[in-house]
């Protein structure tokens, strides 16, 4: 359905979970709970054995998912089986995309993704320079390719990314994983300013944990917020404490709701709304 | 009384024990038992902490003696207390001789030795080249200085030794510690031939264990036999088995008797007796 | 030093820069520094590097004619003695180069990953020597089984940071270090331990190690007047390998053999995601790992396999992209030697030449033993490191196997215990 | 090489040949071989020796300017890097020289004694390299506590013969080796491990190690244009010491400092026959031990004391006779450094310079730390060996002491156990 659509009308809340964490069945319930809680799109992690771009929280989620038997084929099954009504973004590492299928390159993976209803990709270890073949396959099948803009990204690299990006741009709020709030806001504002004239929605992620926090990010000009670790934490804690699946799902839904509400509040506080 | 006297008339049996092995009192009894058994002179070891020239058997005897408290002063006491009627040879290493007393050099040690009734010295780590000061002191106090001739001793060194030697010459039967009998006899005969014209008695030692063995050595031309390890073995075994002192003493006396008898038999078998 | 392709992040289709966006600026900054300092000797960087390698590291290392092996194989065997480098392996060439480069770049802090601890100890030494704060990331499982190396890093003043995620081994340590780097790029340099990772690491690490072949080439010409027929080096990530090959690549008649760890078997267990070897060049296929496209041990999904070898330093599921390329081009021959043969070669070199090699290095000699008939008349073998670090493993693995060539170790058992 | 006094078995009143008669011919034969091969380079012996020292051993070793220490002490500190020699210590210079000499003499077998195992491992390496059967005599107590070195000797193909008499330590091993030599002199050479024993050993071992000062003298002249103000070396038997001093002895302005192990105290326990140090030059007096007249730790009877030091390689009750003589003459200054100061220096060199020294070597640096105000403006310190062998001892001794400078080792405890 096109990722950009998720950002129309109101600021988007985009949660992340690793598919299959801590197991296939529970994970289905958790992802559905996020949709229930108001997700406008979902980043669904396909676990890779060497997740070099993840923090400890998500690394551990990936370990749990792999240990419970998640594979690429089961991931596609998982997506097919998911009962949600929002666009899905496959977040994974390039090697899984590259290896899939009988022919070399990313085309087979994209084709199969399109088949099961995936709308786009975030590939943290695939910079714009190496993204040519995946971009082509995405174009062929009408899928989006999201890129991540970091606070350290140079102007030259911004230009390169702009050429390839579609769906939305993932604005990495800061380098550190946690930290003082004001920092985040400053870095975020600066990043948003740098790409203000791009014609894709700007979603900010990295370290967002509360509704209040989402509110500030959106009020600073973001078109959406991406939240991963805070949600994965709920799964991890519930799993460790042996809590019932429905309770954990309820907690996820509640946090989702809070985050979405925060984003909505943020939109109302914006000095001059850029989009309507 | 002069060591040479021990070799007059008949072949001499010269046993060795470490003074103080396994303790002062027992050791007195053992040495006296040897005299009882027919010793013509006794080599009495003064234990040194680094006995580089000894086989394992005697090394262990020295360790026992040191551990039971033997010191240089106690050694002199030991000699004074000994109730034997044969010449005594102090066998030790040069450092103990050198360190003794208040003035530098061997003189104090020799003086004190003379006082307690020692008749001469064997110092295995003191070659003729280094023996000047000790030779002088011995001359001053009328004591003998025995040297060891090895199968490997060169003719030049024999000459040097001949100048310094007195009392008797200690002929080392062979390099190895144990071995086939015929070897010993050959090496011994050759050594004896090399020093045949020396005017001191020739005593052969190194590996002699039985009366029969003593017999052959003497029949090969030796003026006496020196026996150490075989006797020390009796002390060691008795000590380990916890046998009573008098039993061990009796065994020593018996072996001494056997060795002396062997030596006497050997003298009768000599082709042409050199001394009468 | 070959500068022709310095700006190209690729080796044919291999290489590249598959890293999180947050790291791209650091990598571009590094590529720039590589060009200026390493390739163009700006501010005399290379002069200082070479001079410290000499005085602190002990270069040049000898190229030694091996009397006994040459006789055994009836061919001239020359040993390039990287085991004599400070720290006991070739690793210092790279560690010293990168820490010094970090200094020239104005970085204030060093981080590095380590598995068995060889690269970590080399980096800790270099950091102490150059007075740079240093943190080494190491999986907690590795910390427990590589205690002496942990201790060496700590006494050199480095922090050792335990990585507790997953299995707590090298893979996790690399991810953790990359993440740590991504959050501190501005003041921190990440010293990667082999010719792997994103551009410019594979080229830069190769150039720091190229001194091995630069010396060896000169030395053999001086000693024999001719180039060698063969150069043999073990290959884990491939840093000693590329170092030993680099200056011979243009000499088309010199055969280059990269010896990988054949482990216990060349087959894999897809189910468990485990390869009982790390013969990446011989059995792996193309993929993307740790920032570069290269040959990998992976399952059909593309998940990275656990590799295995008796030698911890060869135990890596990837390999340097340049080596992968040189193998595809036919310039380098990939071969492999299994655990048994490597252990045997370990004992042979120790007994015949009086050199106790690292188990990694022993693989190179295992290859020479088995295939000496295929080698030419003058063979340079890179002795990448010494084996002191491997004594415990060797006792254990030798005892398991009952090798004919192994010395009788009963004296140690008699004296109590069986370990070291 | 100073040949002036080659025929004189004495250094002043020290030295000589206090050995059993059975050994005298061997020693005379050796003195003859020393003169012919070593002093007169007969059959090109010295050429072959020097060439093998280079190719197999890794000579020359660097003379490294120590950045951090020089700054710390505000004087120029130069490190003579014998730790980079094959095997990790200066010991190989002598072991290789003697084993090669044995070959030239037509001997068929090598024996040697070892205490901590450093000389044993060097001899085993040299014997393997030169294809000579080799037996190393080692006390059973030492075997039990020096397992890695026992293993290294065995993997180099040497036999390790346990000496069970007495306490089973170095003293007993020396006696056993001397006795074994006395029974096999005809085909066997005894490789003594330091500048001790009867003539010609002290001179010969010195000459084999003199390459240290030969190189260092040349290197410092090249680097600074001047001779150093001071040379500092640790002294156990004194082989690295004499090696580091030899070529500077004629340079009257160069101060020579021999640093002994002060242990835990300089006092002695006459009752127990124990000196809690091995400061022979500083506190010992004249006597005869192991074939030579020299300075000794002995009780008033002349019984040799047990010496003690945190560093096994300095733990010897005697010292080379030439050093004793040079001290009496005032040419060499004997000093000592206690266990605490040595441990501190161990950590300092590791952290500041990235060099983990042997505990023996650490004594030399302890001296520089404490007395740097008394030293001149250009100090050569002999880094006699590396500290890999000492890790376990250092952990133990450091933990006991709670030294400020020591790194926090709690990471190792957390990961289970406290040893290596």
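Letters A, B, C and D mark the chains in the order given here, with residues in each chain numbered from 1 onward.
Simple rule for what comes next: a residue touches a chain if its C-beta (ideal position, glycine included) is under 8 Å from a C-beta of that chain, and two chains touch if they have at least 3 such contacts.
Everything quoted here is computed from the prediction, not taken from an experiment.
K.L.:
Tell me which chain's centre, taken as the mean of its C-alpha atoms, is farthest from chain D.
P.N.:
That would be chain A.
K.L.:
With chain centres taken as the means of their Cα atoms, state the distance from chain A to chain C in Å.
P.N.:
Computed from C-alpha means, the inter-chain centre distance equals 37 Å.
K.L.:
Averaging only over C-alpha atoms, locate the centres of chain C and chain D and give their separation in whole Å.
P.N.:
It comes to 34 Å between the two C-alpha centres.
K.L.:
Need the CA-centroid distance for the pair chain A / chain B, whole Å please.
P.N.:
Here chain A and chain B have centroids separated by 96 Å.
K.L.:
How many angstrom lie between the centres of chain B and chain C, each centre taken as the mean Cα position?
P.N.:
Here the centre of chain C sits 65 Å away from the centre of chain B.
K.L.:
If each chain is a node and each touching pair an edge, is that a line, ring, star, complete or other?
P.N.:
The chain contacts form an open line.
K.L.:
Sort out which chains touch which and give me every pair.
P.N.:
By the stated definition, chains touch in these pairs: A-C, B-D, C-D.
K.L.:
Using the touch definition from the top, list the residues of chain B that touch chain D in their complex.
P.N.:
Going by the criterion above, the answer is residues 48-56, 59-60, 63, 66, 71-73, 93-100, 124-127, 129-130, 147-154, 157, 172, 175-177.
K.L.:
For chain D, which residues are in contact with chain B within the complex?
P.N.:
Answer in residue numbers: 9, 16-22, 24-26, 28, 165-166, 171-172, 174-176, 178-179, 182-186, 273, 287-291, 296, 298, 300-304.
K.L.:
Contact residues on chain D for chain C in the complex?
P.N.:
54-56, 58, 61-65, 67-68, 81, 83-86, 88, 124-131, 140, 143-144, 147-148, 150-152, 154-157, 160, 162, 346-347, 350-356, 388, 391, 394-395, 407-409, 411-412, 414-417, 419-420
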